[in-house]
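Labels run A, B, C and D following the written order; every chain starts at residue 1.
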Amino acid sequence: MEYTLKEMMAITAAREIKNEDIVFCGTGISMLAAMAAKNINAPESVIFFETGAIDSKLEEIPLAVGDPRVMYHTSANGGLLDSFATMQNAITGQHVVGILGAAQVDKFGNLNSTVIGDYESPKIRFSGSGGGCDVASFVPRSIIFMQHEKRKFVKKLDYLTSPGYLDGPDGRKNAGLIPGGPELVITNMGVMRFDDTTKQMYLAAFYPGITPEQILDKMEFSVDTSRAEEATPPTAEELTLLREKCDHQRLILS
Amino acid sequence: MNLKQDKVMDLTTAINTYVKDRCHLSLGGFTINRNPMAAVYEIIRQRVKNIHLYAHSNGQGVDELIGGGCVSHLEIAYGGSGKFASTCIRFRKAVEENLLQVEDYTNYQMTLRFLAGAMGVPFLPCRSSMGTDIVNKWGFSQEMRKTSKKLPDDKLTIMDNPFSGWLDTEKVVLVPAIQPDVTIVHVQKADKRGNCRIQGLTFADAEQAKAAKHLIVTCEELYDNDELKTDSDQNQIPFIHVDAVVHVPHGAYPTACYHHYDYDPNYLKAYAKKAKDDTLHGEYLKEMIHGCQTQQDLIAKTGPEQMAAIAADPQTGYARNLDRK
Amino acid sequence: MNLKQDKVMDLTTAINTYVKDRCHLSLGGFTINRNPMAAVYEIIRQRVKNIHLYAHSNGQGVDELIGGGCVSHLEIAYGGSGKFASTCIRFRKAVEENLLQVEDYTNYQMTLRFLAGAMGVPFLPCRSSMGTDIVNKWGFSQEMRKTSKKLPDDKLTIMDNPFSGWLDTEKVVLVPAIQPDVTIVHVQKADKRGNCRIQGLTFADAEQAKAAKHLIVTCEELYDNDELKTDSDQNQIPFIHVDAVVHVPHGAYPTACYHHYDYDPNYLKAYAKKAKDDTLHGEYLKEMIHGCQTQQDLIAKTGPEQMAAIAADPQTGYARNLDRK
Amino acid sequence: MEYTLKEMMAITAAREIKNEDIVFCGTGISMLAAMAAKNINAPESVIFFETGAIDSKLEEIPLAVGDPRVMYHTSANGGLLDSFATMQNAITGQHVVGILGAAQVDKFGNLNSTVIGDYESPKIRFSGSGGGCDVASFVPRSIIFMQHEKRKFVKKLDYLTSPGYLDGPDGRKNAGLIPGGPELVITNMGVMRFDDTTKQMYLAAFYPGITPEQILDKMEFSVDTSRAEEATPPTAEELTLLREKCDHQRLILS
């Protein structure tokens, strides 16, 4: 069954989500991935939003985490204080998986979603952290979505918005952060993971038709490709559920 | 605050009374939901200048206020309007053209800062942002801060946990309280004295409301006093915090107001297109903002057909099957 | 926490599973309202010992648990049951007879300590108690604290405001987070998965609930899953915090449960009288607690006439014209 | 019209409450005083409770601040966090008048409601602070109810639960407290106020039939009596409203 790159990315992320996970998601493909997990492989997972909605019944895909669609049929409609406390909380926070995006990522999985250029007078201004830095600070696992481009996989971030492993294995501990960090980066070409020991990014999988060399060409820094395998494409069942249950209006997929 | 029985004002008077040049203003709502848009448009119409603005993730309201030329300083976590503008467009332009001084925090930090103001403590602690440029890079210099009584001397500070190791914590980030001169929130229901009921997510509206020296509430539905007291478990802002109550149906339009109307995708898309171009944006301001006297004028331009299309379904609280492409 | 769809248990199992000798326990409710009394009585029946108890102003529940011989340590702000016992009687006796180690905080401080636990920060600041013996006199010595991993090294600490003078503040008191092994709250409505709705004042129940490693909810009314999701603005505790849901009608009796029943003045007065005398209190324990197997047995002793007298009026939520002399 | 001491005390306190005051009250006579103010001289005052209830419609007198009667017809039913934040808040807190009681008071209006004897092994244990210390810490004005007895008006408190002026005019400032402190102490014999300069208690009024000397006899420390005047007894109208509107069930007054 044919599939788009967006579908490949959403399904790849969904497969990482398990029952008993509480999934923090943002706008766009991250929301789609969370909905896919719930409809395909992790029906007991719980979707929640930084705006304060827990376990929303998403009959239509929200176009923002402040979309009124996230408020329908929730467990509770709180506010930002509630949602971030859930992630910072020593008990519930340990069950949260964050899904994040950014403009730049470095080899330790740190993210920039603030500026290109100087902070004081930037060349390009982005939205800023939102809850991204909070999630990346609080939760044990996160999934990052990126487009594979040289200007996005950079040696040095223009601004470090959300912490990955900071400067290496002891980075988070030295800074005073809760243990955690990104598990994988899902791109339009493959999947990067982080070495258990060095906490550096390596290529874990490349999509069918893509080579590790093509991926390295799209990065400013080099990564280990020795562990890379071809990724498993979405199954027909996964695609059908994704298209019919998660985005039948084709607001994200199209 | 005041304890008056009747705080009802028209919007022009409320904005004129409380929103002054150089005031520190905080706006409720989140991205494309429950932004106090009628108030934002009235501030633009009154040509208030050099506002020091606070928000966590207020998207559309912040962007229009910046585009209207009202804002000189901004403390914010997120300037985006969801799929309609992943980065708010006039915000981005103003920053890139050095017309706006911005200081970045996280959403949780901005919320805690409002909570600290509401609680009356100078700061609150969190475990977010250590090791990041949120800590290292300041939008306002220490020198600039010292010239303003309305700003704390530091953006934030990192401290060792004085309860050594308690809750497995070595360090915390302390973020300073915000006490805006005025906060504006839009709610579904308010009574004349100012008791407020928000339906759906409250975002950080209650904290923003209680942190402020003055609070303007715009509401979809205005009730006689005591009508909201019969089911007060659902009220989030008691009247003791409120200075002005303004009855503005569709006061959040073109953003959403849960159980009343959805966001208007047509308006937001058209806005995004115009906002990208200075000439088109100038025409937008002239026609849609300065060309209207009230929110009702703006609604009339949208027309009854589209207003019917975005009307909320009573069960879900949003407009089912609305064309949002 | 767990995300199971069905967390319904009987009370005996819930208490037996989560409330162990020497555990750190927190009780919801306030003085004579919404105390989880059925759970308290079951803990007494199970003869759990040496509980380290946390409450802000839980009156009746704390007093009965102390009287039942279950408590060795208590961190509290207030031990009173309103007009029925301006100081809780068995609490007072236990302290005066050196059977109980107490550490005093203020109500706000205890609430902030629960909130800190719920938020996952090691402490929160306040501007209360500086210059008082709340700061100077500790119930637990530094030595005793160091022997327990479940206690912070300090009762509290005073710190200079690091944002010098911000919000007119020179100093703040930092109070350490509480993370109980288990919290028990009694709510009006819960679904099988654990979503909870409290009617009327919430006191600090939501904070106590979210601070705990395990949470037992007893409820007046048990709903099928999703039934409380149709009006979720009114829910305060989402299921992700909940470990056990126990259906116990009249589970707060003899304290009140808003919109269900009032406190029982007869029971509370009779209790106060018996609690003052060791022999009478022993008989009370034997007859009313150990002599009952369930809360329903206890209700049966009170009888249908008095239960009807304390039934809540649907408009006001309490029993109008109840004889409370 | 005849009146009881309790009625005299309640009316004396009520007269201190003004429109625009937000009145924090506890159980018993303090609740009665707040209700009396609202029904007699300050109809625009707002009653609120540390449990989180604001502007309750008190059709029957509550017997505790956790009584369900305080939850009826409120502006909002919050919790303890809300109520104490209202008092600590720089704007709303400045409008709050606290009404407090205690087991002991000293000449600077500091209160003990915790223990008699050593804290570690007390002779008598009382309820403890509750919200008393918080209110006394946060709000600019408070009213104290006491019985005039030697063991209650003491040179040195066994335990300082709630701050008055601490050790004198600069006591609160040195400790780091918000400016504030008690305005008056209403007893069964008269009214004590605090000198503007020294912050020490003085006798401001004695009830009809009571002499300043009798009052001094009931105190461990001496106070200035040179400013004392005879108190104005409750009027017939005040008494009627108190009895009929505030406690028609005579739960506190009897």
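FYI, contacts are C-beta pairs under 8 Å (C-beta built on N, C-alpha and C of every residue); 3 or more make two chains touch, one makes a residue touch a chain.
In UniProt terms the chains read A, D = Glutaconate CoA-transferase subunit B; B, C = Glutaconate CoA-transferase subunit A.
All values derive from a computational prediction rather than experimental measurement.
Per-chain CA centroids place subunit B at a distance of 37 Å from subunit C. Between the CA-based centres of subunit C and subunit D the separation comes to 27 Å, rounded to the whole angstrom. Between the CA-based centres of subunit B and subunit D the separation comes to 40 Å, rounded to the whole angstrom. Residue positions of subunit A touching 2 or more other chains: 73, 77, 88, 90, 138. Each of residues 120-121, 126-127, 167, 169, 172, 179, 200, 233 in subunit B touches at least two other chains. In terms of which chains touch, the assembly is arranged in some other way, matching none of the line, ring, star or all-to-all patterns. Which chains touch which is summed up as A-B, A-C, B-C, B-D, C-D. Looking at the complex, you find that subunit A touches subunit C at residues 19-20, 22, 44, 46, 54-55, 57, 73-77, 85-93, 95, 138. Residues 116-117, 120-127, 152-154, 157, 159, 161-164, 166-167, 169, 172, 174, 176-177, 179, 199-200, 233-234 of subunit B are the ones touching subunit C in the complex.
Contacts from subunit D toward subunit C in the complex involve residues 27-28, 50-53, 59-60, 62-73, 77-81, 84, 88, 90, 110, 114, 119, 121-134, 137-138, 159-163, 166, 171-172, 174-178, 249, 251, 254.
For subunit B in complex with subunit D, the residues that touch the partner chain are 1-3, 5, 118-121, 179, 195, 210, 212-213, 226, 229-230, 232-233, 235-241. Touching subunit A in their complex are the following residues of subunit B: 29-34, 56-57, 59, 76-84, 86-88, 91-92, 95-96, 98, 102, 104-109, 111-112, 115, 126-134, 136-137, 139, 158, 167-172, 200-207, 256, 258, 262-263, 265, 312, 316-318, 320-321, 324-325.
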